[in-house]
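Some structures to go through are shown next.
One chain, chain A, links the two complexes that follow: it is found with chain B in the first and with chain C in the second.
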Partner chain A sequence: MTLLTEAPAPRAEKKTHQIRSKRNRREHRMGWLFVGPFGIVFLAFLVAPLGYALYLSLFQKKLVGGTSFVFLDNYTKAFTDPSFLSGSWFVIRFALVAIPLQIVVALAMALILDAVTSLFTRFSRLMIFLPYAIPTVIGAVMWGFLYSRSFGPLTDVFGLFGATAPDFLGSNLIFYGLLNIVTWQWAGYYMIILYAALQGIDPTLYEAARMDGAGRWQVAVRIKIPLITPALILILVFSLIGTLQFFNEPQILRYLAAGTIGADFTPNMYAYQQAFSLANFNYGSAISFALGGVVFVCVYAFLFFTRKRRSFL
Partner chain B sequence: MKTKRILATAAMLAAASGLVACSSDDGGGGSDASNCTNTITKKDLPAVTMWGWYPNMQLVVDNFNKQSNEVQVCWTNVGQGGDEYDKFQTAISAGTGAPDVIMIEMDRIPTFQIQKAIVDIKKYGFDAVKANYGEGAWKDVSVGDAVYGVPVDGGPLAMIYRKDIFDKYGITPPKTWAEYEQAAQKVKDAGGPLFGDFGANVPALTMALQIQKGASPFAYDSASPTSIGVKLNDQASKDVLDYWGGLVRKGLVGKQDQFTPEYISGVINGQYATYVSAAWAPGYLTGAGVGKGQDTGKFAVAPLPQWDPNNPVQVNWGGSAFSVTSQSKKQELAAKAAYGLYADKESLTDGWTNQIIFPLNLTALNDPAFVDLKVAFFNGQQANKEVYVPAANAYKGMVYSPFGQYYFDAMTKQVSEISAGSITGSQAADRLQEDVAKYAKEQGFTVQ
Partner chain C sequence: MADRTHAHAHRRPQRHLPLQILLGFLVVYFLVPFWWVVVNSSKDAPGLFGGGNTLWFGDQVDYLGNLQQLFTYDGGIYARWILNSTLYALAGGVGATVLAVMAGYGFAKYRFAARRFSFAVVLGALMVPATALVIPTFIMFSRLGLTNTIWAVILPSLLNPFGVYLMHVYARDAVPDEILDAARVDGAGEVRTFLQVALPLMRPAVVTVLLLSAVASWNNYFLPLAMLSDNRLFPVTVGLGLWQGVASANNSGSTSLWSLIILGALVSVIPLIVAFFGLQRYWRGGLSVGGLR
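Right, the complex of A and B next:
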């Protein structure tokens, strides 16, 4: 290769250039071909529906009077709609509590599993990850039954101490009821991501640290955690987006507690209600986009504050 | 060369997938009569498609097809209640894909009527069947003068109660709501179970109880389709919400969502002395496993308690009808099917014996076998004769709103707040009025 490029006669150079540009063009075409299948799916199933939803969100269809173009009125309405605002406030509050909790649990488990090596570790890893493998719907139904005060275990447990069981599906405790389900479901998944990142750290660093007199605790805090910060930020962004779009768990538990979990409990549920049960596709689309706006602002703010620490995005 | 071929293949695939997407538009179970759950035997007759979810629909359709010499019904079950409405709503929005005949609950009729999704079937032989149903039944399927469905089953309200609990605490069935509260207090003072339940997720029941006291939440007539009367915070509506809110506050009744495993297990375990519900409730409860184990034969039924015993008012919860869709290209045939389905004696008898569906067809309502039936769920009590038939006959019909789903969702929210103790029933009624009137205006109505 070096020989070829180092000793070119002028004519040969021109020829190589031609060959190369021909090859470039071919590679170019091949590139498009490789991107093609993804591109078609991307356009057909993401860009086109998004565009259509955006288009829909600019109209209003009334039961009386038909459809009319209202430009941004639906958005003005969304951001003054108590249902949308209280739903958004709920998911933001929920994110502020749920995300740190999940990350702390996941990080603690990952650090323990990384530090301890025994047969039991593999088993524990699998067990901690298992909730993620259970479909959300089944997980939510299962917890719905566990929370039940007439046939769940809570009544028996609290009965031992002569107390009445708390109602995790009641309006006072539903926040914690959902918090528990979400943490149970996702902490294991985040743990696996963090654990994989920990496995990627060069073990010689630990050796060096030990020679400098660092204990296990110091290794964890001063070496492991700083080195997996990119993975931590990644799962933070994942969980932030996921939590703001909260839908599955409350929607399923609604069958057990429709009074506590209203149809407008979270913005996504509200969009679903508007579009599919009230036939207001236009306002439903507007709520979806407004929620997209909220998610974008939250994620952007988060990435802005962590910009020095991340190595991706 | 090779690249070209791959490109061409990719393009073809893309085009083909587009074609597939297009062709599946009209194959979604709607206007296509080739995908029936039942088998059509008279293949030379024209067929109409139908959606419905009665448990004995197959038998009903077969009976109809056997008798009819004009039209055959091609039936599919696309889901019960809300699931079916979502599909129908999507078909309406898409402008294609709806069946010819559709089973819907009566309170949904104005919702679909205002979208012009179902048609007036008065001109297709209404006079011939008019005498087969009562006045209230027809009113429930009408908007103004126009008839948008054929009544099938109804839900006159009554009070189901636990005979064992009533006997234990020495109570007789209360005849008025005041007595109901006294009895509840008596049971509570004696350390007994809850007397009833005020569920947030049964707004249609709450509405019926308000109407019983004299409320008329909606005034709507298709003759002037742009105006609607919304009156959700009149004194009667407030009184009923305050009454139930008071019962919850005093700990006399529960605040559990109904139709949940939690509630059903409570009913089985005797945690509720009464269950105010419709005539289809025994069938529903039996299906949910009530009355089969330790609670066999413990249930009985009494007429709905009244506000004014001298002027009793009977109300209704649920019940369904067959409507003809505007997307149908064979509306006259579809109407024939709607009128004829579930109208023959054999289907009706199967309905009230095996499925415990409360019939509205007078052939069944006046059938001595039906009237005198000793209902097993009520331990042989002649429930139809004593309670349900008189209630159905005295029922005068109600006016439902064209945005019932929104109203019910809003009511669920407010009732939940009442039960949580954060607002009173009167406040809830005021909020409901404001909320629903605002929605009506947004939807383009003139609110009166």
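Right, the complex of A and C next:
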């Protein structure tokens, strides 16, 4: 669990490892028998595709001369390709706003639900979590309807005040339109994770703090939030991975927001277009691999820098 | 002590009206899309586009008629999509869970060669975005002639590193070595020890992993979108996306398709909502297990 933090553990484990393996040589075999089936799937559907993507990304297919080895040309092409760069820039901007927003909303809701107990809060907890059970595609379809000016409620609501409805599918507001969908979809899930962590805190700590004269706000900020830091890091990692591979929602809204969301709106959509619309598998693989690599490095670096905080890994 | 605080809190119920009102607003926000879908799936195409209140029922409330249309449109393709989704979710979910439970138990309870290294690799895999794997997997499968078959969707869903991580944490904490050793001394083999002693102890985590992997398969969009071209194999997510594209492309001729999409969205979320609420006590325990200590 504390892979990145646990310094003394390996030594102790090594000792038991030696003693035990002497006592029971069968353990090696049995261990691999249990792990093996997963290992095969892991090699076939994670290691092999990654390796294959890397391999493919080093080639280019030309109309004349067939496929040739071009080493890193696809990557230099990607990092000077305006489509890839604008998509990446959008995803980075989006992540910088969406991730803090989701976490703050989720944390606030979790703290409220942890502090106030009533039938209504129990009901609220389930209702707030409900969007997680909705496929992201269906969530995007639902919000697409709500944003729609022809049959969504925005026209009515704004019409009451004599105002024109904002067009969340237009190029000016699509950022906020997507931000709203993502927050709606995931805040409840993150809230449940944080809530579970808050419920795991020993309540005697609050009693002690109250005797020392701490108010509710201070208890929340000084005790609750620091104690659930591992859970916060976990959801930060989840949201980072999810946001950087943004695909489903913009892909679905593309149909409704014709002209606003292009085929190169996010790097993942661009890779999809290259591979499946243009049959340009080498370049598509390069974009996929670059994206995967960037996500991996970002998340790993993040975990490395927060490892002192008892990260979840 | 803990019990006393609990009793204390019960004796003086804390109301916090402003916070509850704030929660009320949040609940409304989270439910608005559902409400819109529930209301508007009762309308026919003229009711949908003919103005009127979009957040309230129209003159005609015709769920049955719309349902009949939904399930008969295009030779009943929608029912097929739902069945496909169910198959992918069950096969992918059960398969991924079996593999994850075995691997998590193996990592937690056996000291074998390269264990630490292998486990570190699995944890590293948590950080690889799933969509980065779709394009190369597609090309591999097309070489093997597996694209556009159910296996193209089921096989990649068997990979669930997060499930292995969850099971590892749970098996390590909830299955004491002493019990396993006692079973071995009594002459039980390793497999029997696992099935009859360890597995019952791990049940809450098994249900959680099963639910999470089944939901992940049910919700999957990018993988089936890339792998499948025959719409008779589509899961409901890809199918509704297809309808959405058709309906938007010729927004005059196919207004009736919109009411099918709305009702289709509603019907497709019901099984998951039922599963989540029905199995609530399991996954809530499982999520707190999620190594969040």
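Here is the rule we use: the second predicted complex is superposed on the first by the 277 of 313 C-alpha atoms of A that agree within 3 Å, B and C clash if a C-alpha of one lies under 4 Å from a C-alpha of the other, contacts with A are read in each partner's own complex, and residues count from 1 in each chain.
The working rule: a residue touches a chain if its C-beta (ideal position, glycine included) is under 8 Å from a C-beta of that chain, and two chains touch if they have at least 3 such contacts.
As the structure is a prediction and not an experimental result, all values here were calculated from the model.
Of the two partners chain B and chain C, more residues of chain A are touched by C.
Looking at the shared chain after the overlay, A:273 reaches chain B, while chain C stays out of its contact range. Contacts of A:50 after superposition on the shared chain: chain C is touched, whereas chain B is not.
Of the two partner chains, both chain B and chain C are touched by A:151.
After overlaying the two complexes on the shared chain, residue contacts for A:101 are found with neither chain B nor chain C. Contacts of A:109 after superposition: chain C is touched, whereas chain B is not reached.
In the superposed model, A:245 makes contact with chain C only, not with chain B. Look at A:223: by the touch rule set out above, it reaches neither chain B nor chain C.
In the superposed pair of complexes, A:37 makes contact with chain B and with chain C alike.
Judged by the touch definition given at the top, the superposed model places A:70 against neither chain B nor chain C. Looking at chain A, you'll find residues 26, 29-30, 33, 37, 145, 150-151, 255-256, 258, 276, 281 touch chain B in one structure and chain C in the other. Of all residues in chain C, those touching chain A in their complex are 1-2, 5-6, 9, 13-16, 19-20, 22-24, 26-27, 29-34, 36-37, 40, 48-49, 53-55, 98-100, 102-103, 105-107, 110-113, 115-116, 118-120, 122-140, 155-156, 158-159, 161, 164, 169, 172, 190, 194, 215, 218-219, 221-222, 226, 237-238, 240-241, 244-245, 247-249, 258, 261-262, 265, 268-269, 272-273, 275-277, 280, 284, 287-288, 290-293. Residues of chain B touching chain A in their complex: 3, 6-7, 10, 14, 82, 85-86, 89-90, 92-93, 114-115, 199-201, 225-226, 255, 257, 260-262, 265-266, 269, 271, 402-403, 405-406, 409, 412-413, 415-416, 419-420, 442-445. By the touch criterion stated above, chain A contacts chain C in their complex at residues 1, 3, 10, 13, 16-17, 20-21, 26-35, 37-39, 41-42, 44-46, 48-50, 52-53, 56, 109, 112-113, 115-118, 120-121, 123-124, 126-139, 141-146, 150-153, 155-156, 184, 188, 192-193, 196-197, 199-200, 202-204, 206-207, 228, 230-231, 234, 237, 241, 244-245, 247-248, 251-252, 255-256, 258, 268, 271-272, 275-276, 281, 284-285, 288-289, 291-292, 295-296, 299-300, 312-313. Note for the complex: chain A touches chain B at residues 26, 29-30, 33, 36-37, 40, 62-65, 145, 148-151, 171-172, 255-260, 262-264, 273, 276-279, 281.
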